[in-house]
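Pasting the structures in now, so scroll down.
Look at the two complexes coming up: chain A is in both, with chain B in one and chain C in the other.
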Partner chain A sequence: MSNKCDQPNMNRRKLIGGAIAATGAMTIAPGVILHAASTTSEDSTGASSKHRWGMVIDSNKCAEGCSACVDACQSEHGLESHGRPETDAKWIRTVKLKDKATEHENRLVLMCQHCENPPCVDVCPTTASFKRADGIVLVDRHRCIGCRYCMMACPYKARSFVHETLSNQSINAPRGKGCVEACTLCVHRIDEGVMQTACQEACEKEGHAAILFGDLNDPNSEISKILKTSNSVQIRADLELNTGVRYLNL
Partner chain B sequence: MSKMYYRELYCGSPVRFWAGLALLGSIVAIGLGAAFYMEHNGHWVTGMSNQIVWGLPHVFAIFLIVAASGALNVASIGSVFGGPLYKPLGRYSSLLAIGLLAGGLTVLVLDLGRPDRLIVAMTQYNFKSIFAWNVILYTGFFAIVGIYLWTMIDRTVNKYYLTAGFAAFFWRIALTTGTGSIFGFLVAREAYDAAIMAPMFVIMSFSYGLAFFIVTLIAAYIWGDREIGDFRLAKLKNLLGVFVGAVLYFTLAYHLTNLYITQHHGVERFILLDGGIYTQMFWIGQIFIGSIVPLFLIYSPAFEKSRWAIVAASIAVLIGGFFQMYVIVIGGQAYPMTLFPGKEIVESGFFDGQVASYVPTFPEAALGVAGIAVALTMVAIGARLFKVFPETLEDHT
Partner chain C sequence: MRSSLISNRSLIILLAALLAPAMQAFGESAYITETSKAAEAKKCVDETDKVRRNHMDLLKHGRDETVREGKRGITYSLSECIECHASRNAQGEAVPVNDEGEFCQTCHGYVAVTPPCFQCHRTTPEEGSKGNQIGYHPSEFESDNNRFHHQPVGIQRD
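Moving on to the complex of A and B:
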């Protein structure tokens, strides 16, 4: 039959089948090898559920025009601005509120609330978003595939996606292009026994002391004492997430 | 009824087939180039941001994935519900479903921050994540529909046809429930967090999938110089009308519920009244182009016998469906989250309380369109390799 009639050549099928199999193998093989290589054991005592790290933020003490905590966080974790506020990573931010009925104004800082039941951890398909035994919610940058579902799920808009190639990273916080990240509660400090976050340190230096970090599980800690004696609130308490960050005078 | 013969898709001349395939291939190549550009530079070169985290690629991806499960409906009607007129269309219905899902997933994966870590998504599961469930549902869909197609083509395994048909039907319902639940399970955002999202996505899939099926079936039969009968097309057309009406009903139920709840008045006002582009997309795109125009074309006696009216109605359903998905995915993110009920946000260092802006870029669109091209390429190659299309679909057969 002439070629004009466009008749089948059955050998083509074998070729296509082979090509599909080869492509599949090439896609999966490097990942399998790298993945196997990365699962090495480490001697580590790890985080303990004896602690639950958290913060209390006094809205009355958060000073107008001050951004010391934000700046400190940026430099502590090597979060550079690229002059593109919409895509620049931001782990902590200032927010000014006005009551619609009474016109009373508040100022506060907002970051990952380190929920006991974090929606970001629930939705993460690969368990890259996880909560440590001591309540700190983190992202495993080796496991994050950059699907951004956690950003859709976080009720606090606390997470940022790394939109660009990174340079000059801080050793305090290894980051990854194409991965999601958020406030780590300065976990690198906690793991070294330094019980003060960068934002708290900066706020105290400015003389405002609006941020207090501490152990919510320790009844004798300053944070526990304040929370026991003062009226504090959780942001979006209706979601029953039991946040690790609480607010006074909000 | 005479016996149905199936034959591989051969056009009148080889050039016609290969030129079509080359055109699809070049669209795919442009899309892959766009994906590489976005991954290489990082997502800042797209319109996406920390406010709009899912952009145009997600709209295309979810649209195609939803349409994929719907495209399988024709096969399900033939096997599960025993519709003799639909049975000869079952093979193509399955092939199109596989193609559309592959197209959607290609876009979804290439828009990940780390597409190279696909293996992580396939080996590390968080079973509380509806996304992880979807990974299983999507891969399972390929396998089950592949087997279903096999039972239709290969006579030696034809005895398993009904079992495979039922399995595929239940799997596709689960798949679209999973896709809708991606949004339904999101407590944070007011536009989502609603159980109706799952059944609404199922009914949307019926409508988009059938529209895709009709358009591509007619196109393939023109391409391959084969005949389709008016009666069979009229059946498909009437079914599309029912599905379009059902999507409208679910849309109405969704918005009425939100309009009743004071807390959701803000987001409803945004989508229905003063959301700018999203309001226009809702009323002009989804309601007028996607619902009223096709219903008119389908049910008006003036177009009863018009094949072009059927094609136009199906294309209108697809355009409207695309806008509907755009409003759900992007509109739902653009409306700011309510962090402080009763308070107005005067200042924010991270765009709190503001409607987020999103302008899609060319690479995002190129990747999305490539998803459609991937689907059609797979369908064209599949129809060429296997006996998928009946030699004729004239009414007397």
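Moving on to the complex of A and C:
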């Protein structure tokens, strides 16, 4: 019999799939063993997809010569220089932009953009690079093998590789040789309910208040209101990664 | 057939007799270092034997919950182990838990395992950190000084 249509019969597939799912549910149900919840406090329910954490950074407010956010990030996470600027870990850095035609100079701070569709997660061979339910893109160092594919995949050059044996790491950020790392959006603070990143705190202390952290999913959050009323941009918006970090006046 | 059975049985008895002193030393040794916070606590975060036997699995389960799901304040937290079990030297400074004769190293050295935990995790409590606010607090358990009526013999190694 000749096959008149080269497309598979989707109804047939659906039926078979449904049958497999139904038998699967029956056989699994009696033997299901659930892990007892090992959390002590009730409020520590973990990351939720109800939120999507993000940032908006106003380049006009970012002051020339200031490095408060970079310094704060380094002390918060115990990032120490090993005297080799090329390989020293930098989770946030300042970038100078110059329009060659007009010679207008602009400044921005660049870190992991916490994309909705992160290329680093796509390429990771060990699922070490992952996106949490609340949109924060992290490296699970328990799984990272240090292949650095993610560093090559990241269009923002946001990730660092640890080349040195470390000791006395910060309790906020356990990190070690042979792993890739990047901005965690101060995940240790968020999980404790502190809704302010170290860089934002430092920027506010300096009186610039260029960085604002908040929940992009909450229409009433300050960050959502600003993004709704202002002309913000994503860096490399053409890649359609839907970044969690947005810029004003860039 | 019969003779081989007897020889098997006697072999087992011989092995047991040979291993007994070593097992006894291992079983009786107190792992808790005297100058650590754990010395003050009555019990560990769970039944001590359970934690002693299964801590590697408990920690492995907990690390995924924390890193990937963002659950903090888990019961079996490595930073809490360190917080509680790091001993203090004469100057009151914390001694790394993986130093010779310290809590983690003593057993791991004995059973010849090298856990990779401390490639990334710090080995002393962070002074003035928020870490001791998270999760388990030994002060919740009443102090029991009788626990140390026998001094930690440690594990003898040559």
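As a working rule, the second predicted complex is superposed on the first by the 206 of 250 C-alpha atoms of A that agree within 3 Å, B and C clash if a C-alpha of one lies under 4 Å from a C-alpha of the other, contacts with A are read in each partner's own complex, and residues count from 1 in each chain.
Going forward, a contact is a pair of C-beta atoms (placed from the backbone, for glycine too) under 8 Å apart; a residue touches a chain by one contact, two chains touch by 3 or more.
In this text the structure is predicted, and so the values were computed from the model without any measurement.
> Pick one for A:C179: touches chain B only (first), chain C only (second), both, or neither.
After superposition on chain A, A:C179 lies in contact with both partners, chain B and chain C.
> Just chain B (first), just chain C (second), both, or neither: which does A:V187 touch?
A:V187 sits against chain C, while chain B stays out of touch.
> Quick one: chain B or chain C, who's touching more of chain A?
Residues of chain A touched, chain B against chain C: more for B.
> With the two structures laid over each other on chain A, which partner does A:R132 touch: chain B (first), chain C (second), both, or neither?
A:R132: touches chain C, not chain B.
> Give one of first, second, both or neither to describe whether A:E86 is in contact with chain B, with chain C, with both, or with none.
First partner only.
> Of the partners chain B and chain C, which touch A:G46 in the superposed model: first, second, both, neither?
A:G46 sits against chain C, while chain B stays out of touch.
> Taking the superposition as given, does A:I171 touch the first partner, chain B, the second, chain C, both, or neither?
Touch partner of A:I171: chain C, not chain B.
> Could you give the residue numbers on chain A that contact chain B in one complex and chain C in the other?
In chain A, positions 35, 165, 176-179 sit in both the chain B and chain C interfaces.
> Using the touch definition from the top, list the residues of chain A that touch chain C in their complex.
The touching residues are 35, 38-41, 44-47, 130, 132-134, 138, 140-142, 165-172, 174-179, 187-188, 190-192.
> Using the touch definition from the top, list the residues of chain B that touch chain A in their complex.
Answer in residue numbers: 8, 10-14, 16-17, 39, 41-44, 48-51, 53-54, 112-121, 123-126, 128-132, 134-135, 182, 185-189, 333, 337, 339-340, 342-352, 357, 381, 384-385.
> Once bound in the complex, which stretches of chain A touch chain B?
Of all residues in chain A, those touching chain B are 3-8, 12-13, 16, 27-28, 31-32, 35, 67, 70, 82, 84-90, 93-101, 105-106, 110, 119, 121-128, 143-149, 151-157, 159-165, 176-180, 235-236, 239.
> Per the contact definition, I'd like the list of chain C residues that touch chain A in the complex.
58, 61-65, 67-76, 79, 119-124, 126, 129-131, 134-136
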